[in-house]
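Sharing a structure with you now.
In this document, chain identifiers A, B, C and D correspond to the written order of the chains, with residue numbering beginning at 1 in each.
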Amino acid sequence: MAWEKRGTEGSLVTWYDNMEVEAYVYTAGPVGEAFIKGLNDKKILGSRCPKCGRVYVPARMYCEYCFIKTEDTLVEVKGRAYIYTYTTVYKDHYGNTLQTPLHIGLIKFEGVTGGLLAYIDGKPEIGKEVEIVSYGIPLKVKVK
Amino acid sequence: MVTGLKDEDLKKVYTVTYKPNAKYGYSAGQAYSVFLQGLKDGKILGRRCNKCGRVYVPPRMYCEYCFRPTDEWIEVKDEGIVMTAVASFISWTRERLETPEIVGVIRLYPSRDNDFVYPGLFHRICTTYEKVKDMSIIGKKVKAVWKPKEQRVGSINDIECFKEVE
Amino acid sequence: MQRVAIVGIGWYGFRPQTKEVSFREMMFEAAVRAYQDAGGINPREEVDTFISCQEDFWEGISIADEFAPDPIGGAMRPTMTVDGDGLQCLTHAIMHINSGLSDVTVVEAHGKPSDILTLPDIVDFAMDPLYVRKVSPNYHFIAGLDATLFMKEFSATQEDLATVVVKNKENGLKNPRASYASKLSVSDVLEKPYVVYPLTELDIAPYVDGAINIVLASEEVARRYTDTPIWIEGASFATDSANLETATLGKALYLKIAADNAYKMAKIESPSKEIKGAFIDDRYSYKELQHLEALSLTKDPVKALREGQLYPDGDIPTNPLGGHLAEGVPLEASGLALLIDAIEYLRQGKESAIVASWRGVPTFTGAVTVLKR
Amino acid sequence: MSGMKPNIYFNKRVAVVGAGLTLFRRRIWETPQEMSWEAARKALDEAGLELKDIDCVVIGSAPDAFDGIHMKGEYLSHGAGGIRKMVSRVFVGGATGVMTPIAGWYHVASGLCSKVLVVAEEKMSPGRPHPQAVFKYIWDPITEKPLNPNLIWIFAMEMHRYMKAYNIKKEDIALVSVKNKNNAIDNPYAQIPAKITVEDVLKSEVLVWPVQLLDISPVSDGAAAMVLVGEDQARQLTDTPVWIEGVGWTLDSTGWPGRDLAYPRYLEHAARMAYKMAGIERPYKEIDVVEPYDPFDYKELHHLEGLMIAKRGEAPKLLKEGVFDRNGDIPSSPSGGLLGVGNPIAAAGLMKTISIYWQLKGTAGKMQVKKPVHTGVAQAWGDLMQASTVIVMRN
């Protein structure tokens, strides 16, 4: 083919279209449902593996190590919440500068496997303890 | 054990709704750019491989059977034989249509009845549901009905449909 | 396991946009070149199986594998797709050959990001829909989280990251595929504003259009096609925990698992002594350093960088042809882009090389290939 | 088959030692990861293995546009057990369900992996307004999509061509739906088992003539999984391993409007590849039980012909004679097929493979065919009328 190509202005067509259904509606499953309900009640709930004892946040139906079903009743997470790592977003992904830079952290809890994303108020630092200000997805937390 | 949900259950459980933002500007490239311009000009253009003689409609710059570049542009007839035809009573979002939309495959000329591969086009066919239902449209000769020149934009829709000719 | 040889490579594009070709025409261009490079092999008769690496939403077509066979000579033949990086396809090809299914297998991957008008939203679309997807206005935030922890754990500075950028963009100046090669200084990089802390615009590799085709052959038939086969001594890929909350950050565990498997296959005990060149994913500057550690090429990548070991004449030449920072990221062809850099490096007379890819945010998947001349 | 390796040499024999399925349902509450986990867990349990014993994972899933997650394989890997392991996803459209165990086969046969978990998942329910809408994006974006096609057009066009070319009546085709939905009554995972008549099919809603509502399989969510191991391990794990003895697949070109749709030539190629490997010379005599892909009723007949179990245009006649009944000479879709069990695309293809495995193992319960079985075949189909995958198993 290399012998034949046109490249003059206007000789090549770009065809515009999309791959967009009206919407996707995702469900969380019974365990996810209970976890979300916990957030609404201002609680962090985790699912515990009956074999290894790991507690997962967000709660999921199975233990990723033992690969067995987690216990039916979720347990409340009471351990210290801290910043596992963080970043600050300055621009959106189309290159527009945000009015206020946004601190996003991955918050972990002592004694828990997993964690939750959070918007951080205050100067973020790895390992710093945080206080949960609101229980949405993501969480909102304040550096202690 | 997974849990089956009824439609009405869906309102009771937590859901996240997301509208994808997935937009593309597909490069038509060499073959389709010329093909689309051809449609605008009222022509169906194909590419021929001089080694095996196959004519590609829609065109390709390479022959997939011989794995070599195709050699030349040729204008095929806007006439051919209906290979199959169906009558759709549902839209692409599965809504009910009152009048069926009739589509099918047309084997364009030049080609022969016993060819397994041929220049073929997928398009609407202007005919009646009855002729689809009794299959009499299959095997009939049809010809492209073009949109008026000023309405053509370089799209497969520049052809309204293929219509039976005597 | 018998060794598998790479007997032909071909590429097309590696420009910010390739409007003159459709993705299929681009695949054909790369394929023709690869078959010529493999001594004029006829794909219609001499290739047993074909593998294309692709993802639907990168193509803008659902079930995009429909379009895989024709442009590479794979129509009416055993052609399949793997949803992964090209290096993952390469490992599948090795399995095709070693299972007895094939003597000659072709691997193809391509990316046409310039056709994707909403590419960042497509990346978002890959994230967990319940807990991650809508959190950040910028998908790079996951790299930001990873980079912050990496810098802390390895005591890396902003200058170190910028040094990687300067090194790779300069290395790219001699590479015909490196559209983004440049001569910059560390302060040029540092003066750029952050996109997501700690990464500036220059720490993030841009996208590029490109197609790559690789011809692989079993040990018995390789010499039929070339006098200078490149041997694959080891190959593997791995995924860490796919969920951001449970995945390892700061270190590239996915690549460590893949590398350990590949070294075992290649019977390599001391990677830093036996590997003479590293062609590794650097789509974010810090990733080059993080990946070097995961590959066990050095315990302290920051020290190695500062001591000059990562330059083309150093002990661990890393991305001597510029990597993604100079060439760009051609989506699923990324791993193969590093692979052809490595093959050209070996064809120039070097002894051995390692290629290591990553599938990018939000994945925790990487692949490793160990090559010898 | 030009170019096929002439003397195929197997590095290793590969056995199936466990399988698992979730229920197939119109809508499942659990996440795609959790669905995958359930199927994978059951397969491990049947094999008597734990995840730590597995070294590689192969995932199969059809378009990302169903579950609504780009790079779906990455996401699914978590539930599929692909955690800190060699895991990848293979894809050949609707034919993926059988491609997945084929890929699992070469993972083991190559010697690269020793115990492989194969998981297929599909959640079709998230898309709005209807999962059908997703199928618009599978057509050529420039020359076909502007016609606003829906998926059923494909099948209707092929079905009508098949009917025309071989003079086949709709009532002959409807018998497939009757048989499969009835077979599904004995399948505990089935979504729409039913006792129906040919009359019911012919009276059902016309969707795209000649396709009516009861000619087609439903929209489903579901997952399936299988465990594959090499010969040495198989002997330790079970007294009744089932061997994968032949694999084959073929993709024809994208140019489907440019070829006669009456006969699936690509399937014949795929079947010949698998039969050659398994040493099958007379498929209609040597195959004891078959699960051909049946998203639409005519498809089962079309595929029985492509598999060379029936001559071209003659499958309907054999169907009428009862050859393909569960108690017939060559039971076809004894599981109930996609028409009866449901069609979560990739999971449905793997379900068919699992059905053959259970038949050959003799653990198919009420689905077990009457005659003794030694050789079974599962097959799937996909893309734009161009792809087929075939797997041959023996006990």
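By definition in this document, a contact is a pair of C-beta atoms (placed from the backbone, for glycine too) under 8 Å apart; a residue touches a chain by one contact, two chains touch by 3 or more.
These figures come from a predicted structure and were not determined experimentally.
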TODO: Give the label of the chain whose average Cα location is farthest from that of subunit B.
DONE: A
Task: Cα-centroid distance, subunit A relative to subunit B, in whole angstrom - done: 43
Task: Distance from the mean Cα position of subunit C to that of subunit B, given in whole angstrom - done: 37
Open item on the list: Could you work out how far the Cα centre of subunit C sits from that of subunit D, in whole Å?
Closed with: 33
- [ ] State, to the nearest whole Å, the distance from the C-alpha centre of subunit B to the C-alpha centre of subunit D.
- [x] 28
Open item on the list: Which positions in subunit A are in touch with at least two other chains?
Closed with: 1-2, 5-6, 12, 14-17, 19, 21-30, 32-33, 64
Open item on the list: Using the touch definition from the top, which residues of subunit C touch two or more other chains?
Closed with: 19-21, 25, 28, 44, 56-57, 60-62, 69-70, 75, 117, 122-123, 125, 129-130, 241, 243
Open item on the list: Where in subunit B do residues touch at least two different other chains?
Closed with: 3, 5, 10, 13, 16, 18, 20-30, 32, 36, 60-62, 64
- [ ] With chains as vertices and touches as edges, which is it: line, ring, star, complete or other?
- [x] complete
Task: subunit C residues touching subunit D - in the complex, by the definition given at the top - done: 1, 44-48, 55-57, 60-63, 65-70, 74-84, 88, 91-92, 94-103, 122-123, 125-126, 128-130, 236-243, 253, 257-258, 261, 265, 359, 362-365
Task: Sites on subunit C touched by subunit A in the complex - done: 19-21, 25, 28-29, 32, 56-57, 60-62, 117, 120, 123-124, 129-132, 135-141, 144-149, 152, 193-198, 241, 243-246, 249-250
Open item on the list: Using the touch definition from the top, list the residues of subunit D that touch subunit A in their complex.
Closed with: 28-31, 33-34, 37, 40-41, 44, 50-51, 65, 68, 78-79, 81, 83, 126-129, 133-134, 137, 141-142, 145
Task: subunit D to subunit B touching residues, read off their complex - done: 22-23, 25-30, 34-35, 38, 68, 129-130, 132-133, 135-136, 140-144, 146-150, 152-153, 156-158, 160-161, 163-164, 205-211, 221, 253, 255-261, 265
Task: Residues on subunit A engaged by subunit C in the complex (per definition of touch) - done: 1-2, 5-7, 12, 14, 16-17, 19, 24, 26, 28, 32, 56-58, 64, 84-94, 97-98, 102, 104-106, 113-117, 126, 137-138
